[in-house]
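After this come two complexes, each holding subunit A, first together with subunit B and then together with subunit C.
Here is the complex of A and B:
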């Protein structure tokens, strides 16, 4: 069983329903007796295509199992569609366009879209303009890092990239969720 | 945790809000007769403040009780003639009313402000001695002029103002060699007409042999009398304006704060007539009986399957009928009058007009029209916006109005009227109106219309431009004489309530905004239509006709055309084409005719999925205004359908090219 599956097993997913709140997300406290003054940051890591990304955990309010969205007529990418989140209409965006991983968004709404792949998730992030969703291919988990561990990005789009993190699994780019929505 | 932060029961909130509201209403009445206050009104205001105090104390709302006490105290002094009722003091009390409402809604929210206001209220007299009553503060004298006045001159000016006379500024030039004699003569001639208080050097003129002066003259005589005293010397003469009231820092700060933090005004709780609740209980009793009947039916083994089905259907019909009645009664119970909202606008107009330095009178009619509680709440923001627009951009300054032959004070009329299941709210001002030529120009500039379309555009099409986001957020337009600031937001809000907003305006004569919306919001009946495999809801209130669409009947090009429908030619569009959806060969078989006011539009759709009661929601601030969509509703399990914005689709079709979704 991979780490991802182990983590996700902690969740109680109901089909087509939102999952448990993030407060219940287990975070491993690796260094219980770390020296004081070293403020750790918690990141939620996720995958898009073959790459790994992360956003600050504090900005994410919920993780939903990806589901077919309601399409907004004449919407332009990166807007994929909307979903009704307990009575709040929440727009969902495709971050891979902003990250230059793809040039077109896959249809995730309307009658022509396919059933979303099982690991696909929607990260609901808190923004100044109300909640918004980010469609990601998979969620890896929560990572605690010291700010010093973040490197400056070397190449690629830099606008909303906060930093780059080297992990055992490879490189993980930390991004600003607001930027992904633009 | 202080006792203020403990949440008091809902009945406290609603009762306090209502009392505060009545208090505000009476204060505005008082304002109309401030010079000679009606003792009756004064007494009832006093009593209302007193009962607020009692109410707050009972529920342990310490801050509110203190504030009410301070207000009551001041009102008592007015009542007993110990203090004079002035505009500034009335402002203070109205500010207290706003705070009462905020405190009623969210106890503990404005604790510091309440304390400060209470101390301002109780120190009204000292304040008057210290700053409020120096009349010189209200004289709008240029600071550089004020600085050079001697103490004696200041004293004389003060006396002039105390006598209720005006201070006039005269600019006059006298020959270098005779000016001292001329001034002496002027002083003599002014005797009996006024008093020459100060002789200040004026700006350098073109002629070196002429000295120019700025003279400050205190006088109760009119302009003609003063000019006479000057004996025909060419001069500029104008009265130095007097501000209505001294604007202290605290007041200015208060004005800014209240702008954003206007309390909801309408309490979140609802008072329901007990008779209505009794009727609801009866309905519930009836439903229980039906439940019992169905249970009995499940035991009825003696019935044949056919008879059993008939019985079951009968009970089902009874159930549906009773549920309809129940729903109606619940909707009725949610209906509240518009009066509190209108009262709030009254206070708002007063404050905004003062801030804008304009004279504005708000008249209201139809405050007794009842609409759904939630609608009243959601209507508040758009209405505030429109009122602000009218005062800031619509109503001209008093001077300009006089020049145009209008009364000095601008007039805003807010009216409501019920027409069947809809309410029509109109907000008219007699201000400068919309400059349509300028709108046309800006629309071309901003690329909202191409030149040809703009030339051909009728009033309707230009109206739509006024409400489009690209227009209103343009900084180039905000300074324009007309309007257009944030009207897209207003339109989005109204559309979110399944309403339509229209504007009518003639340059120079004024502007009328007309909002038409359903009186109840709880559910909107919608017709579900299918297009290219998608489902959309059309509010049934705007569906006029559903016909089979005969594609041979008329030419449709690019999904648009004009077709004869029941003896009338109406524009028809394919919804699939309009929304850029893949068109299906077998589609386009129904024509749904929709209409708003006098306008008609035919929508070609593929399938009909019947009618449904929908609870609609807005699309939220991130998406903002999505052309052609007013909101969303959930039908069935996790299936969200979008609700068509019929008004916007009409505008769009009349205007030409389709729009793309504006990204947030």
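Here is the complex of A and C:
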């Protein structure tokens, strides 16, 4: 029976096992091999007005084509309306009000709202209170950045800005999605 | 993981005419279609590397390391993304044969084929993955 035990000991996966044949391969390093603080971060970049913004990709669960919302009577900005997302009532907010890019929200809900422009999207983000939507003018794509490439704000009130990223197209402000909803 | 300390859960797959198995705890993912990027100076059994969620993973063709033969016609080729220690490797196989549980009594030690630790009652060959890959490192290039 001891031979079976020895067989099983060799057969079973152990995180600390070594394989001499694999050790030499230069690019087979898994994420854990990278030095700490060098992990790439993935950001979802989107446009609001003429400027570019980004949120951490991990917070975004879904990107929807913008559609007419259900209005909430006497809803206060930045709440635009609600969306029935496969049975879950999801509030949709306008981040441009929070970022002071606009003073009034566009009419996105109710019977007399216009058709949303074609590139407009709703980012569904995960929050402590459940899913919430962010109405953005366009979605650019996913960008992988090293933490060193992200310029962090100096001390003092940062106003939800996590950092600023220099890209080939210009600068992109990385914001905290939870702050946009507050 | 197996609740029975004497038994083992095995991810079984076809290579040639035989069924082989590795510990299910090794298996991260099973990829249906993989087109590896060739690597220069790689041993013959290494097809190349693929990027899986940002990590480069070497793809090893087990069909070149284990006895040849015709798999059942229903088998669909797959790549098993497996862990060896902290490293990962993709294993090209002829088809999947499910997850099976064996008790220690069902396992017969003894290598019939190089790289195999033992067989089970229903002729699933338990693979010695480290042994199989480490022994081949003396190729044109040291290492995979």
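Heads up, the rule we're going with is that the second predicted complex is superposed on the first by the 138 of 182 C-alpha atoms of A that agree within 3 Å, B and C clash if a C-alpha of one lies under 4 Å from a C-alpha of the other, contacts with A are read in each partner's own complex, and residues count from 1 in each chain.
By our rule, a contact is a pair of C-beta atoms (placed from the backbone, for glycine too) under 8 Å apart; a residue touches a chain by one contact, two chains touch by 3 or more.
Nothing here was measured: the structure is a model prediction, and the numbers come from that model.
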### Task
Would you sort A:72 into first (subunit B), second (subunit C), both or neither based on which partner it touches?
first
### Task
Look at A:61 in the shared chain and tell me whether it touches subunit B only, subunit C only, both, or neither; answer first, second, both or neither.
neither
### Query
Once the shared chain is lined up, is A:40 touching subunit B (first), subunit C (second), both, or neither of them?
second
### Query
In the superposed arrangement, does A:166 touch subunit B (first), subunit C (second), both or neither?
neither
### Message
Please report the subunit A residues shared by its interface with subunit B and its interface with subunit C.
### Response
16
### Task
Would you pull the subunit A residues touching subunit C in the complex into a rising list?
1, 3-8, 10-25, 27-33, 40, 144
### Of subunit C, residues touching subunit A in the complex
8, 22-23, 25-26, 49, 54-58, 83-89, 104, 107, 109, 117-118, 126-131, 133-137, 141-144
### Query
For subunit B, which residues are in contact with subunit A within the complex?
532-534, 578-582, 617-623, 626-629, 631-632, 634, 638, 640-642, 658-661, 663-664
### Query
Which residues, counting only subunit A, touch subunit B once they are in their complex?
16, 67, 70-76, 79, 82-84, 87-91, 110-112, 127, 129-130, 132, 181-182
